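Paired with chain B in one complex and with chain C in the other, chain A is shared by the two complexes that follow.
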Partner chain A sequence: MNPYILTILLFAMGLGTTITFASSHWLLAWMGLEINTLAILPLMCQSHHPRAVEATIKYFLTQATAAAMLLFASITNAWITGQWNLEFMSYSLPTTLVTVALALKIGLAPLHAWMPEVLQGLDLTTGLILSTWQKLAPFCLLLQINPSNTSLLLILGLASTLVGGWGGLNQNQLRKILAYSSIAHLGWMILVLQFFPSLTLLTLLMYFVMTFSLFISFKVNNSTTINSLSMSWSKAPIISSMVPFILLSLGGLPPLSGFMPKWLILQELTKQSLAPLATLAALSALLSLYFYLRISYAMTLTMTPNILLNALPWRLPSNQHTLPLAITTSLTICLLPLTPAIITLLTL
Partner chain B sequence: MSLPKISRVPASRLLSAVHDPRWPLRSAAPLAVPKRALTQSGYRRPGQPREDKPPWQRIKFDFSKGLEGITKHFKLLRQEFSDRLVGPEGKPIIEHMLEQNRVIWEFRGPDSLQEWTLSSDREIGGQSEIHLKLGKNNETCFLYGTLQSAPPRDGETRYSGYCSMRSKQPLVSFDRKKHHDWSSFNTLHLRIRGDGRPWMVNIAAESYFTHQKDDLYSYFLYTRGGPYWQDVKIPFSKFFLTHRGRIQDNQHPLWLDKVNTIGFTLGDKADGPFQLEIDFIGVCKDYAHTEDFAYEVYKRNPEV
Partner chain C sequence: MMYMMYFLLFGLVLGLAAVASNPSPYFAALGLVVVAGIGCGVLIWHGGSFLSLILFLIYLGGMLVVFAYSAALAAEPYPEGWGSWPVLGLMLGYLLGVVSVGMLFSSSMYDESWMVCDEFGEFYFVRGDMEGVATLYSSGGFMLAMGVWVLLVTLFVVLELTRGMSRGTLRAV
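On to the complex of A and B.
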């Protein structure tokens, strides 16, 4: 893409999110979300392949619907209460509608159907931006509104963890697996939103780090299916040995960093006397763990039978920037001992 | 005093003799495979009456057929659920990972012919014929017929003379579309025995927009006549994009994760009989083939 256009689009994406971060008026927040959506659309259909254009249109339609619902809810709130401030939504109808609109924006179940198809049509870098950066602005809004309907958030959260687990079970396309993993993680974030919002932020940031590592690892291998991952041990052996750790961290296993948010969320839910819900969420994490393990099985634990050991392909030095991958992989694996410090930082 | 009614419109019997919609379809050959009905092809010949029945008058209610349909669809749904527990596409993951060749269509019994649908320019008023039957010992499929490139005399068609065989869209329970996922493979493998005519292989992938519903990815299939079987391996990177027969300028590779149908078309303007025998159609993974796409994707004359 023309570097000037690329700069403008990336700048606009940053601008949109920043406007939403800085806003206390609903109209400004909505404007930031719209700028964000519109800026990513050209990035999504860069390759002009029909599937990329299909993904762009599906993304645009869902995001536009969500933004329209959000605008409607905020106008309804302004009509009823007479003020546009984000934090002072006291009536249940606008608040519920805002929650549902933001759930559609980020792809929570049962409003998740667009996510796998959209991610499947994009290349890995744009998919990464969609899974990470585009979630920041809606979460900023979700963290600021006072949820009136406690059970709605719990239903959204539990449904997302279950759907994310079940849906990803039989996929062999990596981007769809990442989409379902995103849905499951968003479910975990929403479960604890009304009890301990800082944990939502912690889960979100940890998810960003872990999924960034995974996306970039797949990008370095240039693979989009599970089968093509089986050749990665000869192309990038160190990455092949680190990816199982990233995947287990995504699955939430100790002693990796991904365990931190899940542990704290389960603890918080138990403190709120929601132990059965916590059990169900933990069990649904097992479903996600199954397909993470399947990817690590295909990538690292098996060797394809028809490549001779002494016929390895040329391993030329890669031109890709692997420093961010190195940083995020280290953070994905080693952050668990810093849990007390992180909690203190977040609760300040 | 009432005058006798003068009819200004010619008698309907007179008109129907000329515009009889059944006239082009009358053929003496027995129908081994159900051909595409005129309405299925979506083309209404100019001069033929429209089917203007409202939808509620087109439904034919039949209780026993309804019950059969319900049991069939629920059985398929149960099969889907149990396949999901096994692995992707109903096979364990290790089988999916190790798969290098897969036979998709194999003609070993009369049921295999039900997965295919035939069409020729009979639908637009031409005179080509196409039939499909099982070959010797029920081991192959035998596609045969006659090509006539005389265009139909309707004043608007200039060229004619095509015959084709296309696979039906695979369906899951409740008539939902299922797509072939060939993303682990990169080559189409056919075993055919032709008569020297050049055929065209057309693959239709799933499209979202209605203006893309006639998008086909095509490549040529040159048959060598003769008693020996011909193994044809066409990499999927060679397939180019066409729309309603016209090769498109903006080419892009075929994405293999959602393939709907495959078809064979003959339209080589050589009138006369033709035959094609197909043993199997499969896909395979050629590790030596590293090409992504055989055609240029950049703009050849970019505007500055």
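On to the complex of A and C.
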């Protein structure tokens, strides 16, 4: 793409999120979300491939619907209460509608169906932007509204973790697996939103770090299916040896950093007398763990039958910029001992 | 007065059902014209005369004209309107749905009135909508600049999406 256009689009994406972050008026928050949607559209159909165009259209339609629902809810709230502030929504109908609209925006179950199809049509970098940056603005809004109904958020959260687990089980396309993993993690974030919002922020940031390292590892291997990952041990052996740790961190196993959000969320849910819910959420994490293990099995733990590569290839210096991958992989693996410091830093 | 409002809102629902039920863009856009015109009428009754004029000009006179031209380019040789039974059935179904939901949520026909009061929070000597537009240009100047910039970005996005013959994303026309 023309570098000037690329600059303008990336700047507009930053602008949209910044506007939503800085806003306390619903119209301004809506405006930021729309700018984000608008700016990512050309990035999504950069390759001009019909599959990418289809993903762009699906993304645009769902996000436009969510933004329209958000606008409708905020105008209803302004009609009833006479004010446009985010934090002072006191009636249940607009607040519920806003929650559902934001759930559609980020892809929570049962409003998740667009996510795997959209991610499948994109290349890995744009999919990464979609999974990480585009979630920041809606979460900022979700963190600020006071929820009308306790069970709505809990149902959205539990359904997302279960759908994210079961949906990813039969996939061999990596982008769809990443989409279902995103849905599951978003479910965990929403579960604890009304009890301890700092944990939502913590889970979000940890998810960003973990999924960044996974996306970039797949990108370095230039693979989008599990089958093509099986030869990555010869292309980039260090990455092949680190990816199982990233995957197990996404699955939430101690002593990796992915355990941190899950542990704290389960503790908070138990403190709120929601122990059965916590048990169900923990069991749903097992489902996700299965497909993470399957990827690491294909990539690292087994050597698939192929031509003998250990004697042949020229190990030429790679031109890939892997410093961000190195940083985020280290963070994904080693951050658990810093839990108290991180919680203190993120206390809202 | 109230009869006028009844009439306008009835036409609005009819037009919206027309937009939703027609598979052909010609008739759906015709329904949209009717809806936008009636919406402007309702807006005038609520005191926003300036805004209504602007809406009429820009929405109908600008965007809908462009939509009509692009619909004419992607021509449908045999458009289906209300003349064919499936479309008419869909239209009647939507109307039935709206009426039933309306009857579900309203207490009775005579409890509420459609009398419009053009009221404002505080005592002002200008109309609300014109004051709003003036505020956009004075203390809302930063938001105006933001709106201008976003429109420019929209232009770039649209141009990027429809770029050229084979480099573009949408079907080359």
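One rule holds for everything that comes next: the second predicted complex is superposed on the first by the 343 of 348 C-alpha atoms of A that agree within 3 Å, B and C clash if a C-alpha of one lies under 4 Å from a C-alpha of the other, contacts with A are read in each partner's own complex, and residues count from 1 in each chain.
By definition in this document, a residue touches a chain if its C-beta (ideal position, glycine included) is under 8 Å from a C-beta of that chain, and two chains touch if they have at least 3 such contacts.
The model shown is predicted, which means the values in this text are computed figures rather than measured ones.
> Just from the overlay, do chain B and chain C fit on chain A, or is there a clash?
fit
> Considering only the touch criterion stated at the top, classify A:Gln173 as touching first (chain B), second (chain C), both, or neither.
First partner only.
> Roughly how many degrees, to the nearest 10, is the angle at chain A when you join its Cα centre to the Cα centres of chain B and chain C?
Taking the centre of chain A as apex, the angle works out to 70 degrees.
> Looking at chain A, does chain C or chain B touch more of its residues?
Touching more of chain A: B.
> A:Met31 contacts which: chain B (first), chain C (second), both, neither?
Touch status of A:Met31: second partner only.
> In the overlaid three-chain picture, which partner chain does A:Thr7 touch, first (chain B) or second (chain C), both, or neither?
Touch status of A:Thr7: no partner.
> Using the touch definition from the top, say if A:Gln120 reaches chain B (first), chain C (second), both or neither.
first
> Regarding the shared-chain residue A:Asn222, is it in contact with chain B (first), chain C (second), both, or neither?
The answer is neither, since A:Asn222 touches no partner chain.
> A:Asn146 in the overlay: touching chain B, chain C, both, or neither? Say first, second, both or neither.
Neither chain B nor chain C is touched by A:Asn146.
> Who does A:Thr347 touch here: chain B (first), chain C (second), both, or neither?
Neither partner.
> Touching A:His48, do we find chain B (first), chain C (second), both, or neither?
A:His48 contacts both chain B and chain C.
> If we overlay the two complexes on their shared chain A, which of chain B and chain C does A:Pro305 touch? Say first, second, both or neither.
The answer is first: A:Pro305 touches chain B but not chain C.
> For the superposed arrangement, tell me the lowest C-alpha distance between chain B and chain C in Å.
For chain B and chain C in the superposition, the minimum C-alpha gap reads 5 Å.
> Counting contacts the way the document defines them, which residues of chain A are shared by the two interfaces, the one with chain B and the one with chain C?
48, 53
> Can you list the chain A residues touching chain C in their complex?
Its residues touching chain C are 1, 5, 8-9, 12, 15, 19, 28, 31, 35, 38-39, 41-42, 45, 48, 53, 56, 82.
> Touching residues of chain C toward chain A in the complex: what are they?
Those in contact with chain A are residues 121, 143, 146, 149-150, 153-154, 156-157, 160-161, 167-170.
> How about chain A: which of its residues touch chain B in the complex?
47-51, 53-54, 57-58, 120, 169-173, 224-227, 230, 294, 297-298, 302, 304-306
> Can you name the residues of chain B that touch chain A in the complex?
Touching chain A: residues 84, 87-89, 93, 96-98, 100, 181, 183-184, 207-209, 212, 215, 250, 252-253, 255, 257, 287 of chain B.
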